[in-house]
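The structure's right below; bear with me while I get my questions together.
As written, the chains take the letters A, B, C and D, and residue 1 is the first residue of each chain.
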C-alpha cells in the first residue's frame, strides 16, 4: 500500500503476485474506466442519444489507448476522493469542444468506477480459474503417481486410521473443483453498474433500461439494476477469494504437519534453509499458504463492514472496498502460485522413509 | 455464551432472538443427532446392512422423542470434546444389548454433528426466509402508501438530487430479494455429511455410496461427497447470514441518518427515551441494526479462520465454528425482527414536516 | 447470546465460564448501576448538593440490595435502547416523592452504564489475575518437577536443536507474567465515567470536578475526564483479554503439536475419547484453547470498530461493545480454566517413551 | 502488496503515506538487519568474544552503508522464507575469509528480523508522535480561535443540548494526548530480540546475558528476555496504531456528520467535487479517515491471530505479522496527514450560516 518509487517490502517475494497486481494498478484502473466511457458513448449513439461521430471521437481520442497523465489523476483523487472528475475533464479536453460534452453523459463516478472494477475482476477471476485448473491437474497427476501409497489419516492431531494418498488428495481436490465452478459463475455474472448520480437511472432519460441492456451486452457484463448502495456483489467475489485462500491455507497446514521431523509423510524439495541450523529444511511454501489464508479470512471480515453503506453512496465504505479487495485478490493469486510450486516439489513418503 | 440458570445480559432484550436460539440449544442439538442416527439405521436396514427390527428399536427406544440426560452429555463433551460418544453410549443403553451395536454403525462423531447441524440450519434458514418475505412485503406496502413522496437523495453524506421514497425503498428491497433467493438456495442445497472415521466412507463397506444416497433422501439433504475437512458449506451459510445482517445494518444506518434532528425525512414511532433529556427520541432500532451488522461482519471474518482445518479433522477449527455460527444466525434473526418493527413505526416526512 | 429459559448450547460445556458470565448477567448489570447511583447521591450529599437524608433514602430504598424487576428493565431497554430510564423510574418510585428527584441527579445513562461496567470489570480482572497467578504457579511446579528433561525445540514445524523442558516452560510463563502485570494495571486504572447528558459535566454545576473526584474515590475508580466518546479504555481491557487468550491459545497449539502420535513429547491424561476409534486420545483441552484464542482475536478486531463512535454518543458503537466485550471476558476465563486442567494432566515424555 | 515497477493503485493518493512506507521498504529492512549484525559484532568484541578487527571489518565492509543486492535477497527470501541466510552469506562474502565467520555469530534469523523491525518501528513511532503533536497543536489553535462558539451536541444521532466548540474539540484532543503518551511509551520500551536458534540464548555462550545487555544499550533498545514466540510486543504496537486510527476515524465520522447539508455546523474547504453534480462538496478527507479507521480495526483482529505462534518459531504466524503490521502503520500515518489537512480547512459555522 505504499507509494511508487520505493522497493516493495521483502515479504512480497513470498506473497506478491505481479500478474494479479497489474489489474489493480493505476493504469489498469484508468484504462477500464475509459473502456466504460467509450462503450457508454457507443451505446448512447446506438440509441440515438448522441451522434456516432461523438462516440467515435471519444474512442479514438480518449479511449484506453490514449493514456491520460496518472499524476494528474492522482491529484484529482486526492482532491475529489475519486479520479473520475479529473478523468472526465481530461477525456473531454482530448475530445475537444465538438464532442466533449458527450463524454460521461448522464453518468456518475460510481458508474465508471464500479463497472471498471467489474471489467478488471473478469480478467482476475479468469486468471485465478486457470490456475485452479492447473492445480487440480497437478493433484490428479500426483494421485496417478502416488495415490496407492498408504497414509495415516490424522484426526484431531492424532493418528486415526490408515487410508491412501489418493483419499487424502481428494480432500484437497474436491473444494478446488467447487471453487473453480464458483469462480466461473462469479465471472459470468459480474454486473454492469449504471445508475447515474443517485442511482435511479433518471439522468439517462426514458431509454435508461434499453441503454443499460445495450451497454451490458457491449461490455459483456450482466445487465443488472443499480447496486450502487448494495455491495453484495463485491462481497460475493471476496467470499470466492477467501474460500480459495482458505482451502489453500488448509493444504499448506496439512503439508506443514505432514512434513514434520520424525513422522514425515511428505518430503519437500526446495524447502527453506536456516541462518543458524544447516540441517533444517523449512516448509516455507506451506507456511506462506497458512499466512495468506489467515490474512484473507481477516480481510473478508473487514470488507464485510462495507455492507453498511450510508444512503445513496458512502465514500467511507467505498474507500474501504478499494483498500481491501485488491490485497484479497493478490493473496489468492499468490497462494495459487505458491501451492503449485509446493506440490511440484512434494513426494509422499512411506513409513520406511522411501519416497 | 454463559451458563444456564442466570439471567442473560440486558442487551439481549435488543439483540436476542429466542426463536433462532432455540435451534442452537442443547436439546435441539441432541434431537438432531438422534434424528441422524435413527435415519442412518433405517437406511442401513433398507440396504440389508442391519435388521429392520434394529432400526425400529433405535427409533422407538432412542429416537428424538426419548431425551437423554443433557447433564450427562455435557459431561461427555467436557471430556471428549464432542457429545457423540456419550450420546451413542446412552442410545445403545436405551436400545439394549440385542440392537445396541446397530447404533452409529460405521459412523463417526462428525457425521452426527455436521449432519445434525444441517438439519437445524434448514429450519433456521426457512425461518429467516419467511421473515425476509415479510419484510419485503412491508417495504412494498410502504412504497404503495408513501412511494410518490419526494425525497432528497444523499451521496457521500451530502444532499445530491431529489428522487422519490419509492426509489429509496427499492434500494432496500432489491438486496433483500437477492438474499431471499440465496437463503432458499442455501436451504435446498444443505449437504449430508457421511464419511466415517477418516472421511473416506470405508467404514460403511461397499454399499457406501448407495447408503449415502438413501440417507440423504431420507433426511431430505443433498447427497454430497464428505466435506469433513472442507468447510465451504459452513462459510456459505455464514456469508448468507452476514450479507443479510449487512443489508439490514445499511437500512438501519440510513434510517438513523434520515431521522436526524433538523433534516428529518423519516419519523419513527416508539423511539427510545433518554434518562437525561426528555425531548429526545433515539432511533434505537436503527442503531441496533448497525451494531448487529458490524458484529456479523466481524464474526464472518473470524469464522473464515476455520477454513484452515488441520488434516482429516481439526478439533480447534471445528470448535471455532460452534462458537461463531450460532451468534451469526441469531444476529440475522434479531436484525430481521428489529427492522420489521422499525419500519412498522416509520413514516416518511415532507420538507414542511408533514408526514 | 440467547434468551433465558433454554438449555445453552452443548459447546459451552467446553467454552463457558459461569464465574465470569455472572458479572455480565442482568442482575449484575443492574446492581452495579444502582451502586453508581447510590454513590453519586452520597457524593452529592457530601458536597452539599442534596441532603444526607436523600442519599440515605436512595441507598436504603433503592440500592443494590433492593432488586427492581428484571422484566421491567428488559422492557425498558427494548424501548429506550438502554435500561437506565426504566431503572431510574423504578428507583425514584421506590424512594418516593420526597427524595425521588435526587436519584440520578445531573447524570445520564452513559454515566451509569459505563461506570457500572467498570465496577464489574474490576471483579472480572481480579478473578482473571488470580487464575493467571495459579497457572504461573502450576508452570513453576512443572518446571521444578520436570524442568531438567531434555526436549527437542521445534522451529518452523521442524526439529531444531535440543533444549530443556524448563526452557520451554519459560516461553509459556514469561508472557503470563506480563499479562498478570497488565491485568493488575488495568484493574487499578479503571476510570469513572461522569459527564452528564453531553459529556461536559455542565449538568453537575460548578462543583463538577470536586464531585467527580469524590465519586471516584468513593467507588475506588480512577478520576478521569469524561471518555463517553473515546473508547480507548474499553479497547485496552479487550486487548488484555485477547493477549491472554492468545498466549493460552499458543500453549494449546504447542501442546497439541507435542502430543501428536509418533513424536509425542507430552502425555495428557483425561484426553477425549472418539465415537469411532477406541484407541484415540484427543487433546481436547489444547484444541479448545486454540479455538478460544482465535475467537478472541477476531472479537478484538470487531470491537475495535466501535472506536468510530459518532459524535457525543453512538448507540450503534456502544451496543457493539455490549455484544463483544462479555464473550471476550468469558473466553479468557474459560481458557484459563481449560489451560489449568490441561497442564494438571500433562507430563513431559522422554524419547524412550518414559514419562 | 504488489510488485515494484507498476504504478500503485489510485486509492493510494488518498491513503498512502510515503514517509511511513519508506521504513517498510526492502532497503530499510536490509539496512536495519545490517545495523543489528554490526552492533552484535561490536558487543561480542566488547565482551572479548571476537576480535575488534572483526567487528570493524563487518561495519566497514558489510554495514548498512554497503548495500547488498536487493534482487539476491528477494531470491533468498523466496527460497528460505526469510532474507537472513542470503544476507549473512552476502555479508560474509563482503567481509572476506578472515572475519566472515564472525558475522551473525550465535544468532538466528529471528534475532536479526525482529530486532531490525524494532529499530524501524522506533522511527515510525517517533514520526507518528510528531504528527500527533502537530495535530494536538492544531486543535489547540482551533479551540483558541473558535472555541467559544455554540454548538449543538449530538447523542445517538439526535440533537441533545448546546455546548461549545471548545467542549467538542476537547473530546477529540483528549484521546490524542493519550495516544501521544502511548506512542512515546511504546517507543522507549521497544525490546531487543536476541535468543539464538531456539530462543534460549545458549548459542551465545555463558556471556549471553551480558551480551544482551550490551547490545540493547548499543542499539538503544530495552534489554528483554527472548520473545521469539510471544508476540505481545507486536500486538501492543498494533494496538497503539489501531487506537490512533480509530480516534482519527471518529473525528472523520464526526466531521462528515457535522458537514451534512442542511444542518452543517462545520464548513470544509478543499472538499471533493462530483463528476455529475457540480453543487456538491464531498467531505473526502473525513470519509478517508473513517475508511482507514475501519481498515485498521480489522487488521488488528487479523494480526491478533498471530499470537497463536507454534512452538519455538512459526513461519506462518510470523509471515502474517509482516503482511499486516506495515499497512497498519501506513494507515495510521496517512490518517494523521489526512486529519491535519482536513482540520486545516475546517471552520465551525453558527446556525445562521456565518463561519
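Methods note: contacts are C-beta pairs under 8 Å (C-beta built on N, C-alpha and C of every residue); 3 or more make two chains touch, one makes a residue touch a chain.
Remember, it's a predicted structure, so these values are computed and weren't measured experimentally.
Student: Using the contact definition stated above, find the chains touching both chain B and chain D.
Tutor: Neighbours common to chain B and chain D are A, C.
Student: Check A-C against C-D and say which one is joined by more contacting C-beta pairs.
Tutor: Per the contact counts, C-D leads.
Student: Averaged over CA atoms, how far is the centre of chain C from the centre of chain D? Could you give it in whole Å?
Tutor: Measuring from centre to centre gives 29 Å for this pair.
Student: Counting only Cα atoms for the centres, state how far chain A is from chain C in Å.
Tutor: Averaging C-alpha atoms per chain gives centres 40 Å apart.
Student: Which residue numbers or ranges of chain B touch two or more of the other chains?
Tutor: 81, 154-157, 160-161, 197, 253, 256-257, 272, 274, 277, 282-284, 287, 290, 294, 297-299, 301-302, 305, 314-315 - these are the residues of chain B that touch more than one other chain.
Student: Which residues of chain D touch chain B once you look at their complex with the stated criterion?
Tutor: 154-161, 256-257, 259-263, 272, 274, 277, 280-284, 286-287, 298, 301-302, 305
Student: Which residues, counting only chain D, touch chain C once they are in their complex?
Tutor: 81, 153-157, 160-161, 163, 167, 170-171, 174-175, 178-179, 197-200, 202, 225-232, 235-236, 239, 242-243, 246-247, 249-250, 252-254, 257, 290, 293-294, 296-302, 304-305, 307-315
Student: For chain C, which residues count as touching chain B in their complex?
Tutor: 1-4, 6-18, 20-22, 24-27, 29-30, 70, 73-75, 77-85, 88, 104, 107-109, 112, 196-197, 203, 252-253, 256, 270, 272-277, 282-284, 287-288, 290-292, 294-295, 297-299, 301-302, 305-306, 314-317, 319-320, 322-324, 326-327, 330-331
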